[in-house]
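Labels run A, B, C, D, E and F following the written order; every chain starts at residue 1.
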Amino acid sequence: MQEKKKHYVRPLNIKNGKIEMNYGAGGKASAQLISELFAKYFNNEYLMQGDDGAYLPAAEGHIVMATDSHVVSPIFFSGGDIGSLSVHGTVNDVSVCGAKPLYLSAGFILEEGFPLADLEKIVKSMAEEAKKAGVYIVTGDTKVVEKGKGDGIYINTTGVGVVPKGIHLSGANCKPGDVIAVSGDIGDHGIAIMSQRANLGFETEIQSDSASLNSMTEALVKEIPSLRCMRDPTRGGLGTTLNELATQSKVGMKIEEAKIPVKEQVTAACEFLGLDPLFVANEGKLIAICGPEDAEKMLEIMRANPLGKNAQIIGTCVEDENCFVQMETPFGGTRMVDWLSGEQLPRIC
Amino acid sequence: MKYISEYRDSAIAKEITKKIAEEVRPERTYRLMEFCGGHTHVLSRYGLENILPKNVEMIHGPGCPVCVMPIGRIDSAIELAVKHHVILCTYADTMRVPASGGISMMKAKAQGADIRMVYSVSDAYKIAKENPDKEVVFFAIGFETTTPPTAVVLKQAKAENIKNFSVFCNHVLTPAAMKHILNNPNGVKIDGIVGPAHVSTIIGSDPYKELAEKYKKSVVVAGFEPLDMLQAILMLIRQINDGRAEVENEFIRAVKPEGNVKAINLMKEVFDIRDSFEWRGLSSVPYSALKLSEDYAFFDAEKRFDLPYRRVPDNKACECGAILRGEKHPSDCRAFGTVCTPETPIGSCMVSSEGACAAYYTYGRRTKK
Amino acid sequence: MCLAVPVQIIEVLPGDEAIAEIAGVKKTISTALIEDVQVGDYVILHVGYALQKIDPEEAQKTIQLFNSQVSA
Amino acid sequence: MQEKKKHYVRPLNIKNGKIEMNYGAGGKASAQLISELFAKYFNNEYLMQGDDGAYLPAAEGHIVMATDSHVVSPIFFSGGDIGSLSVHGTVNDVSVCGAKPLYLSAGFILEEGFPLADLEKIVKSMAEEAKKAGVYIVTGDTKVVEKGKGDGIYINTTGVGVVPKGIHLSGANCKPGDVIAVSGDIGDHGIAIMSQRANLGFETEIQSDSASLNSMTEALVKEIPSLRCMRDPTRGGLGTTLNELATQSKVGMKIEEAKIPVKEQVTAACEFLGLDPLFVANEGKLIAICGPEDAEKMLEIMRANPLGKNAQIIGTCVEDENCFVQMETPFGGTRMVDWLSGEQLPRIC
Amino acid sequence: MKYISEYRDSAIAKEITKKIAEEVRPERTYRLMEFCGGHTHVLSRYGLENILPKNVEMIHGPGCPVCVMPIGRIDSAIELAVKHHVILCTYADTMRVPASGGISMMKAKAQGADIRMVYSVSDAYKIAKENPDKEVVFFAIGFETTTPPTAVVLKQAKAENIKNFSVFCNHVLTPAAMKHILNNPNGVKIDGIVGPAHVSTIIGSDPYKELAEKYKKSVVVAGFEPLDMLQAILMLIRQINDGRAEVENEFIRAVKPEGNVKAINLMKEVFDIRDSFEWRGLSSVPYSALKLSEDYAFFDAEKRFDLPYRRVPDNKACECGAILRGEKHPSDCRAFGTVCTPETPIGSCMVSSEGACAAYYTYGRRTKK
Amino acid sequence: MCLAVPVQIIEVLPGDEAIAEIAGVKKTISTALIEDVQVGDYVILHVGYALQKIDPEEAQKTIQLFNSQVSA
């Protein structure tokens, strides 16, 4: 990040200032934004190198790379904001691949007129969550688009992590007989976001579950020899993620509706909105699948983590050339759980 | 959740199911039509069809307002947004219904038409007030459930003299559609009818008497929870076994014989009955839909924008019509699950979550009997 | 479309409005279609409007009916 | 990338289709977009793993990570498009750090209504440029925002590369006496973009210089022992980039206006627009700085590369506690070359 | 590039510079005012000031239309966009000029006002035609260079009867400002004047005769290329050395004594001279600006939107006024380069690339004499 | 603001317009302010308008003046 000639520049007016086009032009205003905001909060030796890319210590073993752009609306929501979400989202994608997340990049697309005060809050929250997860935000980019060509702020984060030797998880690894666990109550994130959309106008105390799961994934990777794969059921929810894994591994799945943890408030909100919690987004939940021999231990490890207290074994993998996910209802009936079709509500992550 | 959880109790469900199994007579079939898409959805969502005895056959009726809306009506709605540049407000369910020329409201919106999904007609009205320089049209669809709210807002618009708001009225009437199906001598054969839950909270259970008395059908009005559904099926089986054709009410907690008189009077004030209205699958059905009454003609989008109704034939491959009449099953359609899926629907029944094709595709493909 | 949900009135507001609740989820709804709304009432909520009150005694009867069918 | 149940889905209508909200919802439409477009063109073993992140072979030595979001308007321009640009931009940022670029992530923010045919063109062009540069696009993400909340398409690319042992370039390495080279004519990209903005309405044959520079940077890293740093003078142009480097290294710079290669058409367009070519963006040019002993060799290596035929030594680093960049004009006068102030034209990259 | 490259020849430049050095008399100073911001820019851009002899001092004049526009005028323009919701079209240079209350057009735009930068007045007119339901106002600023194009478009708007287009006219007149500076007995002392290049293509060189005859100043009209500038300086030094006060024309390739008669007539038709107009730094200057003539009053944004002029004092720290009068140098301002930079300008002279402060900051900090 | 550039007319268009060129850069400009525009003419272009023609003979004189000053 470039320092600029300090005594020539008035500091940013963070309290009342707004993003103008020149903050994205690559000149002095860009440099000032970087040094007075991004570098200030993200502050770490790699970012401070100030080159076009970050020069980083070698990683032993395989590396994992994952990316997500975040366009959530509203940008501040109960339980988080677009900044914390952008850290969690990518930390989790790296972590579920069995890797220890090390580095993040941050790419901002700001809309002309976006308040600097909001940007500061978001950057601060990214910095805090990065610190909690033990990752460094090592490189970044800022673009500014004209009013009406964005929605305040979009953030891309890309993460790099390192995989311990001998580990190679994949959604393609599941076998019939494998056991499926989810780390806690589903649907919290989606419902928290929706409850804050003005046009839906309902109120809940549900908070987004947005969180970094790397402490849980690291423990699972270490302790569960038969761990096949992990995945965070974000957009599309639990239902879609199970379908992804089933398709990838060419197995079917059988889950039990009664075992799936859902908060009553989330069920209630879903009743309001005509949604199925199975397809509502999560940002701090994990699906993990292992051999039947380790099922209990997997559950124990999940539950030992503060983010996994309500973890449950919800089903097993079965043979099925159609790769269908089926759910037994409490009534003894069975129904398919298909991929999410259409969209539930847009812009939830 | 009071009035929900009790009606989802799986232990009791198993008991009712057992009773049904005990009471059905093996030598006959029970052909029961659930009129309402809400009931279709419950059957699929809770996997109830596969715990019913084989000889109890559920026939899905035309009670899904999205499904029965003909293409021409969707075309007109899109025309309002595209040609007349209005802000078109609609319940979300209609967005993906295929209209003419490969378009849908969703596609028109993606191409720049100002089409907004609303949760309630009052949201559409709010949008009109917030955009005084734009025409705002509410695409009103639905049975007697969504109709009273439309009436409330129209009354308000009249009182507040809001000039840029209007309603494209496509509200339809339940009893007319039921009778139309039963009138068809070559139509589906049914033994009993599961009567609508929420429609009946408004119109009451009395209007179904004609079905029992004139058409000799057993009728049970039922709530939308799985126990309601199972109990209603049990009650229908008992009526049929007894040779009774009566109107019974399983949903007594919310349905009175006379319905909601305040809402009924409001509808009468704001709407008039159309002489005839085209339904998808049922073609023109006499006295089966509403239009704005003379007093509210100012708010009638059909008049304000001069929208003549143009009949458009359904896609030839699509069996929605026969399915809505209860004559065919989604699996009878060759397009089902191949070219027609919820992502790329050919007909309206694959769009609404209460449509038989969508319910069957989403919940049932694996487990059809 | 026919989505509706039983909610409890927790506050009656002027102008035919009320705050309704279900399992901690709250929403301002219209009560223009029903008469004589009281705090504590349960109503069937549909597209933002209370369509009808739920009658607690009749509800009890249905539950009793269910239970009466339970085989010993 | 997930496969979906093939026989249940009609193929995308790429010719006439448009992006709808559900393509970003994480359900079936998202999976279809991935498999029929992204996976089809980016096709490589890492992307095909289909997990939340890509599992990649270990990198020996230090790694470099760089990110850029691309918001250029128009998205198709003479000499490239937003897709090729998004590959070049990040390949170059990784390369100028002395690294061999290996992997890219791709994050798309699509506006509802964006034509699938345009998306295909862009994805194809990304695939081609990735192949040319020898990098793999290993992981991706797609979000869809409502009409009016974007501008057709924004693309974030993040790159990872590996640095040969013993190499550590940095913009902080320059010393007084060091020699500054630029790899060719400046300003082509910015002028090409501007000439295609409807409201400016001028016509030129100038094409964007957008290109991957990694073959040139690899040769320089290998052959120039005293190589201090490299940088691609993108947004802000040559003038701003030199200021960045001067500030970072705490040196001044003296450059000669007469030595700076600029096409006559670019000069002419700048006259039209009141711009200074020094501040016009480039996307296929390199600034390289080395000790005076290697100056000739550096120039030779640049010129040996087809992208460096017009390379020039343009100046040297000098002592200056103000870190000013000064330029001698052909008239014998001297003037400061400051950072770009304000913006030239927005959305050029 | 014909008519550019020849006038940037560095070998010839060195010769003229040498001549200048030879011909200046060491015992005296030559205080030369370049009226025009364009000349100020050329001096800085090519580093010419540091190749001139020490005793040739260039004094920057008020010839930058952005710099001389007082805050009140910018406020009114912003008011058009913010309060009257017009599409405000402006040349880019004005976007960053600080207005009242910490705002600028750029900031107002960032907050949602529809302010658009245009390359030409005809682009603004095109926007008006494309947006018939919006009022479109062109913020017309500039000397006699931009004025004739504004006149062309106004004539066209009148002929085409375009109702939603209007002009907020702030065109100012060069000779009036020159005389105003020379009229001030306590003002800057100057020996010669470099006359404007492009302004003179329109008004010709004749209007400067009064400066030579009445005010006894040497005048050389000069082109905007570096050789033009150097040659004009040489010619001024020769006049001064000879004790001549004449109007000479270095820019004969484009400036005639009588100017562009067609353009002058057009301006006369479309505009009337204001009795007085406030300039930043010069306060009210009589007969120094234009307004729309009676025939074009319909297109006058000041009338259409009832925009009274409100005088707003400049920032107290800012020396723009004195700098524009040639009485101070940017480096005399305490804010220069500390709180006032092109990124965070306090005064207009730090905004336009032709402003003395901006030119000096961007090109000259290191090399000031 | 006073930015202007000499361009050559390469095509005269109807409606007081012309295509002008400089070093391969082309632009449609207005010639409403000048009379009798011919292909090949050079004009001073400012905010899209030709302000004045450039007189080639006078230009030559200025160049000669420059050269005449060159010290032997």
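In this section, a residue touches a chain if its C-beta (ideal position, glycine included) is under 8 Å from a C-beta of that chain, and two chains touch if they have at least 3 such contacts.
Computed from a predicted model, the values in this text were never measured in an experiment.
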Chain pair repeating A-E, as identified from D-E, B-D or A-B when over half of the contact pairs by residue number coincide: B-D
Best-connected chain pair, where connection means C-beta pairs in contact: A-D
Inter-chain centre distance, chain C versus chain F - centres from mean C-alpha coordinates, in Å: 81
Interchain centroid distance [CA atoms averaged], chain B/chain F, Å: 73
Chain centre separation in whole Å, for chain D relative to chain B (CA means): 55
Rounded Å distance between chain C and chain D, as computed from the means of their C-alpha atoms: 60
Interface hub residues of chain D, defined as touching at least two other chains: 21-22, 28-29, 201, 264, 267-268, 271, 274, 322, 338, 341-342
Shared-contact residues (touching 2 or more other chains) in chain F: 3, 5, 22-23
Multi-partner residues of chain B (at least 2 other chains): 1, 4, 119, 123, 341-343
Full enumeration of touching chain pairs: A-B, A-C, A-D, A-E, B-C, B-D, D-E, D-F, E-F
Chain E residues touching chain D - in the complex, by the definition given at the top: 1, 4, 8, 10, 13-14, 17, 44-51, 96, 118-119, 123, 226, 341-343, 353, 361-367
Residue ranges of chain E in contact with chain A within the complex: 102, 106-107, 109-112, 337-339, 341-344
Complex contacts: residues of chain B adjacent to chain C: 1-4, 6, 9, 12, 15-16, 18-19, 36-38, 63-66, 91, 93, 119-123, 141-143, 145-146, 148-149, 152, 196-199, 201-202, 224, 227, 231, 234, 250, 252-255, 260, 262-263, 266, 352, 354
Interface residues, chain D side, partner chain A - complex: 2-5, 21-22, 24-31, 49-71, 92-94, 96-97, 99, 103, 105-109, 138-141, 143-146, 148-151, 154, 156, 158-161, 163, 168-172, 229, 231-232, 234-236, 240, 244, 247-248, 279, 281, 322-323, 338-344, 346-347
Contact set on chain D toward chain B in their complex: 7-10, 16, 18-22, 28-29, 32, 112-113, 147
